[in-house]
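As structure tokens, here come the structures.
What follows is a pair of complexes built around subunit A, which joins subunit B in one and subunit C in the other.
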Partner chain A sequence: MSFTKAILGTASALAITATAALSDPAIIYDLGGKFDKSFNEAASKGADRWAKESGGKYREIELSSEAQREQALRRFAEDGANPVVMTGFAFASTLDTVAPDYPDTKFAIIDMVVDKPNVRSVVFSEHEGSYLVGVAAAMASKTGTVGFIGGMDVPLIRKFACGYVQGVKATNPDAKVIQNMTGTTPTAWNDPVKGAELTKAQIAQKADVVYAAAGGTGVGVLQAAADEGIYSIGVDSNQNYLHPGSVLTSMVKRVDVAVFDAFSQGADLTTGFHVLGLANGGVDYALDEYNAKIFTADIKAAVDAAKADIISGKIKVHDYMSDNNCPIE
Partner chain B sequence: MELTETFLQLILTLDMTVRLSVVLILACLAGLFSERAGIVDIGLEGKMLIAAFFSAVAAYHSGNAWIGVLAGIAASMTFALIHGIASIAYRGNQLISGVALNFLASGLTVVIGNAWYKEGGRTPPLAGEARFSEITLPFADLIRDLPVIGPLYADVISGQKAIVYLAFLVVPLTWWVLFRTRFGLRLRAVGENPASVDTAGISVNRQRYAAVLIAGVLCGIAGAYLATSQAASFGREMTAGRGYIALAALIFAKWRPFYALMACLLFGLLEAISNLYPNIDVFGIFSIPVQFTQALPYILTVVILAGFIGKAIPPKASGEPYIKER
Partner chain C sequence: MDKIPRWADIFLVPFINLVLAFAASGLVVLAIGENPFDAIYYMIRGALGSTSGLGYTLYYATNYIFTGLAVAVAFHARLFNIGGEGQAAVSGIGVAVVVLAFDWPHWALALPFAIIGAGVMGAAWAFIPAYLQAKRGSHIVITTIMFNFIGAALMGFLLNGILKNPNTQNAESIGFGPGAHLPTAHEVLAPLGIAFSKSAPLNISFLLALLCAAGVWFLLWRTRLGYQIRAFGQSEAAAKYAGISSVKIIILTMLISGALAGMLSINVVMGEQERLIKEFVEGAGFVGIAVALMGRSHPFGIVLAALLFGMLTQGGFELLWEMPAISREMVLVIQALIILFTGALDNMVRDPVEKLFRRIRKGRI
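The block that comes next holds the complex of A and B.
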């Protein structure tokens, strides 16, 4: 036993001395995959921007199974990567156990709070951004019924849903919001076929604007909405370009900014709790040449008014994760 | 008013059931051919996945959905052949060979896809002719207004995509081939008692290869349906366990074609219900959570396997490589 320990100890010591010199930052993408056109892709854009502007190099890995989570994290920390950024709430429990083992390494986790001295927790006010696209959805809907399709059924996604519903109801109190979650396992982030079917189900129930907060599954949602000639709302990355004239807008979450900032600060990463909201540009709605025609001036005026009111504190958007409850359905 | 509303909901549910069952039906019949000939096929998932990938690729580059289907069939048959060689010629363990194919498909599609399109295994979106469009059967609009029959014909039977009709035609065809032709008799015999077939002077191995390749064709069509009809591109792991559900349906159907159709429709119906009505309220007393509806296919299969509703007896020689006596 002690012999093995000694061997392992030497091996890891060797590993550290061998690579201590390089302290490239590293990023771990969650199960949705780096190219999900959404959350993880936004993160990778941030990393790429950092690499381009600083001329530095970074290391990355895409998780392909739940079992790799801790392994990947320890691997990067042991190889001397600093800081190690991970995208996704699912890393929380793993990071909670791993972070204390590497006190000299800085970690940054996006979308979750891990209270450890060497961890930066970046969370976004998705409920505020979702409120804005909810306003837009209610304005654009002709039937008075709008839809929401979430990925995995977790509090974070319910936070999106709750903000969205509040935005819709504030604009049109009689509006109906149909909500679906794709599933309860991580595969729910990557099932475009199911996403398309759920969209068709919602369309059949008269929804004419559907908001997808479902990672890679959202690709199917947007596709089905375009096929059936209704509006959809993208998430995380700006997805307006995917189906011009059908994607009404996107709730952009500047994950790229979070990653860029973390990479830029390097080993001197300031730790603690960071909130990126409407006020500091962490979340927003997207307006560009692809949706300019359908995102009318009326909608823009209403959304901008709501945005100003949220920033000034006149509108308080309830955060689902503060009490795991949504005041309105 | 209330009644028409309920009826419309029913039509909607049936329409979605048909769409969702197609993959299951094709995969289930593929498994049926294979297992009836004594080759256990756990690789349905992998064959569909590789077919979905190559059909999306071919449809994208050719701009024609049917070419996509052919490419899917070719890819799936290649995998079927590997399974055949491993488990027939080399008498390997059929379960392991099937699982290996599943892993191979899962990895290969992402690696190749990423190398070609640099989008993490996703293929470029298909548009226009590269996808199947809905076929409106004759008179659909004419009789839509008739009560009951009208909407049923216009919305459920008409307005589906080509492969949907194909899948429903394959069911009676399978029955006919298996139970009304000499080929089918031999195929079933090979799965029950290969020694007797051998004694009659018929090559067991040739029969088994034929069965495995037919399974390849059907899985190919199923995969192509996923990528070119239901979705508009290939996505990583897009089969999402449908191959395993098809296997469950096969057991549920006790290896018979029309029962397989019913089992797949039932599983499709359950999925449609969970999509349309996430939480079913029972008289306001309690609500059935969506997880229960989603788990029901598996629960039903376990119930069948446990022998509560009849008994599921697989073909006798299923899973056993045939060794010729010398």
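The block that comes next holds the complex of A and C.
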């Protein structure tokens, strides 16, 4: 019978391929999926760039349920993948229990700290990058009112908001910042309609620059801002190209660099706490041909001055996550 | 009218549905340039080929048995409870509160109380739609689905507030203590000399699920209440005429249904995650509808259907692993096709099969 033949043939082919892929790096995307136009996608770009430049191969998997977190981590570790990179803070508890079982495997977690000897914890200084775009927002605003729209209400997003507020207030102490979070569930990362509604509500309260730190929801924020003729600020990836002349700048977070670095170091990955900030290019503001006209020389001078001061330590931007508190609203 | 034999109703029709579903899925796999036989092989091997795979399959099946039973019990009273998702989610709060409230010395002590906590919360979440249906005539389909959203919001509120673990930014509670750890299949089987994967999440909740299935069978076909539920489902007017209170049946049925859906959190929250996380139900409440449909609302059929869906979930993940060309969404398409053929297109197969049996019978007589 041809059916049994096909199955038997497959079984023998499988025995050969099963031993491949030793010590290749691996990446696990979170439930948002590889193509989320934001965080996970940036990570996959970093992995692709590594594959292109090194000629190496890597393995990847997209999760579709919570129970698969542990399953995927263990399978990669047992298959000999090294290092294993995972995107997002949701992996923290799982990695905490899995990592000690595979002392010879190196793990890298992005956006979270897991204190284990074989884990690299990559965190970004989003508060510094957000401070810079806050300065730009305050400079560009004519009404003295600017907006912030977060995705899911988690400390990480409050960290964005807090840095932003500090940047705004440092530039214009009288400025008003309107803050909204899209929601409290992960769906808040992908709700562009609600993002647009919140933007319009903020515009009604006279906001004329809106910073979106909301993943896929941000697409709606930027769209509404462009429709209403105000400025918006993108996040994570450089989103300036989405609405030229409306997107003032983007707070870029180089997740791709984090993945690329981890893959490049391979099995010799240095572990421990790893901060990507302004100083080492982990976060930054984006300036390109799409926003060159609106991102004036004045704004650029002010932002660059703030950037230099943060790097030199002259300005200390408060990190919300250090004490779960923001000194100014 | 002639009916088809019971064995054909329970086994033959679903089997033909399944074959058709696999054929259609095979075409999809073929369309993206992969070998469909390989795909089926990977799925089956991934689901059953190792104790780890089997452990995951039965773990998922446990969830689907609970939610399938929940939907089925309501079906028998002709109530369409599509709120299993929310009822299961809210029941997680019950489990978390019970487990975190005390420093439990042993799981055997914690489990009965956790079951009560989960059951009470799940039932409570089903009670309001049931009350609105029974007393106000608000359609249960609308209210239960809306309560899924309210449940999600409530979970978000609690997990970002008083239940939140301050050491993580994930919306999750602190971990449950070792005293509330449910024995996994590995721990149960190791003393018997049976080696079972250590990492598989299968735990003793599976036995609870089988117990619930037996309990539902007993309730529906061996008790007075079960008779009333079925009578009410067959004909509301006749049941009323016979003196059965519709308010009582609607509310009691929904309470049982909600409590059954709530048992899911024993498996996931207490058995697997050992902490309360935000979206632990992950669609199992909706899969339960398909499971109940395919299982013909009979506990035995539901257990079988749940096993199949468990295999699909676990096998689908393995497929992703072995065939990089197949994306997560493709696996979803394959699973959806199987649900479509076994659930929605059931009559497409049933009618010809019924005709066939009628012809055979006539020929014989």
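Note that the second predicted complex is superposed on the first by the 304 of 329 C-alpha atoms of A that agree within 3 Å, B and C clash if a C-alpha of one lies under 4 Å from a C-alpha of the other, contacts with A are read in each partner's own complex, and residues count from 1 in each chain.
Operating definition for what follows: a contact is a pair of C-beta atoms (placed from the backbone, for glycine too) under 8 Å apart; a residue touches a chain by one contact, two chains touch by 3 or more.
Because the structure is predicted, anything quoted here is derived from the model rather than measured.
Asker: After superposition on the shared chain, which partner residues are touched by A:Ser93: those of subunit B (first), subunit C (second), both, or neither?
Answerer: After superposing on A, A:Ser93 lies in contact with subunit C but is clear of subunit B.
Asker: After lining up the shared chain so the two structures overlap, which partner does A:Val219 touch, if you call subunit B first and subunit C second: first, second, both or neither?
Answerer: The answer is first: A:Val219 touches subunit B but not subunit C.
Asker: Touching A:Glu62, do we find subunit B (first), subunit C (second), both, or neither?
Answerer: Touch status of A:Glu62: both partners.
Asker: Between subunit B (first) and subunit C (second), which does A:Asn280 come into contact with in this model arrangement: first, second, both, or neither?
Answerer: neither
Asker: In the overlaid three-chain picture, which partner chain does A:Glu197 touch, first (subunit B) or second (subunit C), both, or neither?
Answerer: After superposing on A, A:Glu197 lies in contact with subunit B but is clear of subunit C.
Asker: Counting only touches as set out at the top, which of subunit B and subunit C does A:Thr296 meet: first, second, both, neither?
Answerer: neither
Asker: Should A:Asp36 be classified as contacting the first partner (subunit B), the second (subunit C), both, or neither?
Answerer: Once the two structures are laid over each other on A, A:Asp36 reaches subunit B alone.
Asker: Report for A:Thr184: first if it touches subunit B alone, second if subunit C alone, otherwise both or neither.
Answerer: After superposition on chain A, A:Thr184 lies in contact with both partners, subunit B and subunit C.
Asker: Considering only the contact definition stated at the top, list the common interface residues of subunit A for subunit B and subunit C.
Answerer: Shared contact residues on subunit A (touching subunit B in one complex, subunit C in the other): 33, 62, 183-184.
Asker: Okay, in this complex, where on subunit A does subunit B touch?
Answerer: Touching subunit B from subunit A are residues 33-36, 62, 179-181, 183-184, 187, 190-194, 196-198, 200-201, 204-205, 216, 219-220, 223, 227, 242.
Asker: Hey, which residues of subunit A end up touching subunit C in the complex?
Answerer: Within the complex, subunit A contacts subunit C at residues 3, 6-7, 10-11, 33, 60-62, 64-68, 70-71, 74-75, 89-90, 92-93, 112, 152-156, 183-186, 321, 324.
Asker: Under the definition above, what is the set of subunit B residues touching subunit A in their complex?
Answerer: Going by the criterion above, the answer is residues 12, 15-16, 19-20, 118-122, 125, 226, 230-233, 235-238, 240-241, 272, 275-276, 278, 290-291, 294.
Asker: Contact residues on subunit C for subunit A in the complex?
Answerer: Counting only subunit C, the residues touching subunit A are 35, 37-38, 41, 56, 59-60, 152-153, 155-157, 160, 166, 168-172, 175, 199, 201, 268, 272-273, 275, 277-280, 282, 313, 316-317, 320-321, 324, 327-328, 331-332.
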